[in-house]
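Shared between the two complexes below is chain A, which has chain B as its partner in the first and chain C in the second.
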Partner chain A sequence: MRTGIGRQSGTAEPRPETSPPRSGAPAPRPRRRAGDLPVAMVFLLPAAVGFAAFYLWPALRTAYLSFTDYSLLAPPEWAGLDNYRRLLGDRLFWNSLKVTVEYVVINIGVQTIAALGMAVLMHRLTRSGLIRGVLLLPYLVANVVVALIWYTMLDAQLGIVNQALEWIGLDPVAFFGETSTAIPTIALVNVWRHVGYTALLLFAGLQAIPKTVYEAAATDGASEARMFWRITMPLLRPALALVLVLTVIGSFQIFDTVAVTTKGGPINATRVIYYYIYEQAFQRFNFGYAAAVCVALFAILAGLALLQLKLLRAGDSDLD
Partner chain B sequence: MRRITRLAAVATILPLALAGCGSGDDSGGGSGSAQAPEKTEISYWLWDSNQLPAYQACADAFHAANPEITVKISQFGWADYWTGLTTNLVSGNAPDVFTNHLNYYPEFAAKQQILPLDEFVAADGTKTDVYAPGLADLWVSADGKRYGLPKDFDTVAIFYNKKMLDDAGITEDQMKSLTWNPDDGGTYEKIIAHLTVDKNGKRGDEAGFDKKNVKVYGLGLDENNGAGVGQQMWSMYALSTGWQFTDKNPWGTKFQYDDPRFQKTIAWWRGLIDKGYMPSLAIARSGTSVNDGFGAGKYALSTNGSWMINTYYGYDKVEVGTAPTPVGPSGKRATIYNGLADSIYAGTKHKDQAWRWVKYLASADCQKTVGDKAVVFPAIPEALTVAEEKFKAKGIDISAFTVQIHENTTSLFPITDHASDIGAVMGPAMDAVLSFEAEPSSLSKANDEVNALFQ
Partner chain C sequence: MSDTLRRLSLRRTAAWAILVLFILITLLPFYWMLRISLSNNRTLFANPGSLMPTDFTFGAFKRVLGIATLAEATAEGGSGAKIDFWRYLANSVVTSAVITVCQVFFSAMAAYAFARLRWPGREKVFFVFLTALMIPPIFTALPNFVTVKQLGLLNTYAGIVLPYLFMTPFAVFFLRQFFLNISREVEEAAIVDGAGHAHIFFRLIVPMSSAPIATISLLVYIGAWNEYFWPLLVGQEDDVRVLTVALGIFRAQSPQAGPDWSGLMAATLLAALPVIALFTVFGRWIVNSIQFSGIK
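Presenting the complex of A and B:
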């Protein structure tokens, strides 16, 4: 154990987080003058244009549309707070929130713990690039393809997974078809796709923890478990907070897996909020109402992200 | 180019005049020289990939006859098709001509996104009575305007696995004279029960049948419940009781999902799940489609539409036959009779060319070309004969689908406003009943929600 740690810290010291930024952003750093502003603007422009065209403007327009009655093919009509009033009394909206939260809890819960485990294993045991590549593989497959492959594999009558269950003497399970298993199934399929990617993000965070801390702990005879709870977790906190904020927001936006498999059913078991918005907007042409649901979702996500950042003190590190 | 713009400007004021002068202009150019300067490309959309080769052949023939017009065909899957079409209508980039569906056209017509064809029809003297009876009228909206010319039609029948029928000792003649009622299911339910086989080889109507471990279900359950229409799922049963979707069709404003005949039908249908003759909703929804389940030998019978013929007959090592849907309590069979048509986008820059393409699509020439590929049933009877023969050459007898037209037992697809909202109410409501989380009587409440849309 001890030798393992020593070897690891010895070889890894001069690498990742220190060298790339230095070579990437060389000279202009120390001399920050007001005269740089026009140049800075030029560099910011491409991103700003993209932000304005693809985020800011659609967001503003969505906010406006949420106060209108808009069926897409006719011009929007001002409707005041009607859409929001309807939202409060819409059983399906609240159901979609409940279903989405259920998805996020399972998805993020399982994914974060599994990813953390994988990241720590990689950090403490192996530096193999091959293993890192393999972990990332599911993430390289398109969402829709992943969803369709699992959908076929999990079929109750013809799916290979249920064939395997039968061989070991279990009854087949209609994973996507039962109201009780549909959301957990979709959540776990997406865990499968994203866990490697999340693990790599956390792994990068782990590499920022100075090896000397571990060496000191090892010299003091600390166990691996104790080092995990006393060193890894506290020092990983800012990275973990960022990963959580990003994955939770991403998780709330679950759509494609539902769209290509259960389509909201059975009954309303998988009618997650984004699918509900899609149905209202593109199938029923209630763009005004769909926009109001979007705004509600935006408010919820913004609040959630703020809360997470506050609670996890993502802005400061315990390293300083 | 400038001339087209000018023409388009005139078109907004005098569509009739344009239809007349435009076609004279174009035919002059066509006969004059092959390199006429006014070349136009019109776009055409359809959703069925099986039909793409047939319509490409039509487009080629059309281009050969009208060298100045090129038709560019795009094909999208059913779901993407309607989302794509809607967003393109909004952004003003919709295709000049597109395949339209009875479920969608009322909304497009009401929002003035598709062009009434009456003036073109009148100017050219196009006949609208050359199609199978009733098809052309489907495309006349509540305001009396015509929004499409028929291209094909579809009906529903029963696909069966011949080997399973043989093994069960059921003859194909028996299949042709099935009866059904919502109380005991008639001879239809008897053969479904007999065709169901459990893991121990016991049939559904034998003592000791294990309904928890079924190997082959007598009847397949579609992965979609058909929401409020149930075209190939339950409509053929419900309609054979004498029940109708709406107070009148087309353009009904009151749905009748609260009718005891409808609710008894649904109760019987889901009863098949309870008896172990049909898979549960959960199984049907768990991954593969009903037709793939049939192809894999999981179902002995499967009700589906005529547009699926080539899919069902295309499965490897499965010998397939078809039978008409059973005769119901009304003494008649029933099936929904649904027709597709081509519509012109109201914002098209080439109204005249688009109309000529629509006219060609609706002509015997193009429909015979389509019939020749044996993929769908063309709307013009003489083209249907061509298709019939081509299907026969492939070993497919389509009489199970056409018999109901000859016997006049078809019912129109319910054409109403608010189709997508109705689907959003009825889809989950039917799901709840089929998964035994609600009773069929709960459909009365759904019916109230549906009818409230028309208030």
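Presenting the complex of A and C:
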């Protein structure tokens, strides 16, 4: 993955302020000597205002609100650990967590395998930018659009998917309307939207693997399968790890598809954690409690990211 | 030997078949949306499996764009659900454009400070900016909603664009990467000539980075266009409602019995069209930039 975070060479080293000017070098410019702090502050001002007002302060405020009772109508009232105590005993919270995890497992499981297949196929078969572009297309249209297209295609009466099931002699399925199928359906719809994008990221990782490794293996008569397990997988691991961390975190934040199609139902089958927070905050105006759920979600995501990075040893590559 | 070759080409054919299958699965839903939007909603139920539009008509598009009479609409199975498409389109265009211009400009300024200027604590401040990438949007959405409400900006354009106006960590990060790679010599020559930082930024750095700036603008525009959660919170009312929110409401309003599928798909297609058009023109850029940046 070429995130390039470490690519700061050439500018990161401090200006040699005290070193004597080399002979023949132009005289030091006094304006640069003091550093560019005043100018930098001007250039940073708008972004810093935005960062402070819409990231830093609200993040701290959510943490604070989670210890209060706040309904938007009156100022927040300190409530200590009440919200967290309530959280522990809230059946709907635990259900939302369970439903979300179910979604993430299906979504990430299918998506990662399919994307890996797509990326390897593209890598071995074609350099076509058009194919990559086509596979990326679903990622560029809105979640809402994707949800509505599939909502239509999966409709019990006129949906093409049920029609196809009928052709092969199966009973129609009420995809969004059944407690047992709603979450897998939503998970697979979003696989469709994200799989090309994920494949593209993995494809970039594959391109970083030196061709010579494959050529050497081919001369040794290694089979495709053997090359995949012995070369591609180990060398792709750092990229795969990063992709997994990003997609898992993204996957936990499923909201749009649920909001447009099932609205949490049938019963509580798709009341995912994001939707639960939305309901608590914006339909019941329990802002304090919703903030506590946010904090819990954040803790889960942070813990998960750390765990993944540790397990998958994302930092070091087998190439060295 | 020829046996191995045949097996090899057979395997290659199979691999291509799978890739083509992936492409078909990707494209079929888009075709299906088009097919239903061009169908007569009344006859749709009779032929759910036909590959062509049933009873080909532009009626659904006319209903959505508000140029069909009530009689025409009901004749083709339109429901009572109304969508004031032009207004929502204008709202989406305006809010996305304002977000893009401001966010890219301010992020470029910040990226310049992080990439080209030297000041104490620079890397630390940049790291703090980056941590904002880790915060899930909902974590800041609650207090941001309170802020916008207290400023009296609920159901205004300003409220919809405000949190995205100044920066996103991604835009700053993305542009900084490109600014870092610009050769220092050009800049030094300008400094020797007595140019100030404003001059360097506007006349050198920005023009030299026009390609990445165009790419990030495109990504920001598409992102803003597709955004649902935030405008749902602060822009429910009709006169500021953006397309994504309108589509959600349109779908919720359509009756359970006999919904206007053609109308729904026509509206959905129209809402997706600008992005698909942008992509057809600039697709290569987007593909390359996603491969380059990795994050988004």
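Remarks
Rule of thumb we're sticking to: the second predicted complex is superposed on the first by the 265 of 320 C-alpha atoms of A that agree within 3 Å, B and C clash if a C-alpha of one lies under 4 Å from a C-alpha of the other, contacts with A are read in each partner's own complex, and residues count from 1 in each chain.
Note that in this section contacts are C-beta pairs under 8 Å (C-beta built on N, C-alpha and C of every residue); 3 or more make two chains touch, one makes a residue touch a chain.
Everything numeric here is computed off the predicted structure, so don't read it as measured data.
With both structures placed on the common chain, the touch criterion links A:Phe176 to chain B but leaves chain C unconnected. Using the contact criterion defined above for the overlaid structures, shared-chain residue A:Ala142 touches chain C, although it does not reach chain B. With both structures placed on the common chain, the touch criterion links A:Ala204 to chain C but leaves chain B unconnected. Ranking chain B and chain C by residues of chain A touched puts C first.
Of the two partner chains placed by superposition, only chain B is touched by A:Pro266; chain C is not. In the superposed pair of complexes, A:Ala290 makes contact with chain C only, with no contact to chain B. In the superposition on chain A, A:Arg61 makes contact with chain C only, not with chain B.
Residue contacts after overlaying the shared chain place A:Gln308 against neither chain B nor chain C. Residue overlap on chain A between its contacts with chain B in one complex and with chain C in the other: 72, 151-153, 155, 157-159, 282.
Put simply, chain A touches chain C in their complex at residues 1-4, 7-8, 10-12, 14-15, 26, 29, 31-32, 35-37, 39-40, 43-44, 46-51, 53-59, 61-62, 65, 72, 114, 117-118, 121-122, 124-126, 129, 131-138, 140-145, 148-153, 155, 157-160, 162-164, 167, 192, 196-197, 200-201, 203-204, 224, 242, 246, 249, 252-253, 255-256, 259-260, 274, 277-278, 281-282, 287, 290-291, 294, 297-298, 301-302, 305.
Residues 82-83, 86-87, 89-90, 107-108, 111-113, 279-288, 292-293, 296, 298, 420-421, 423-424, 427-428, 431-432, 435, 437 of chain B are the ones touching chain A in the complex. Within the complex formed with chain A, the residues of chain C that make contact are 11-12, 15-16, 18-19, 22-23, 25-27, 29-30, 32-33, 36, 44-45, 48-49, 106-107, 109-110, 112-113, 115-120, 122-123, 125, 129, 132, 134-147, 149, 162-163, 165-167, 169, 172, 177, 180, 184, 191-192, 197, 201, 222, 225-229, 232-233, 244, 247-248, 251, 261, 264-265, 268, 271-272, 275-276, 279, 283-284, 286-287, 290-295. If you check the complex, the residues on chain A that touch chain B are 71-74, 151-159, 174-179, 262, 264-268, 279, 282-285.
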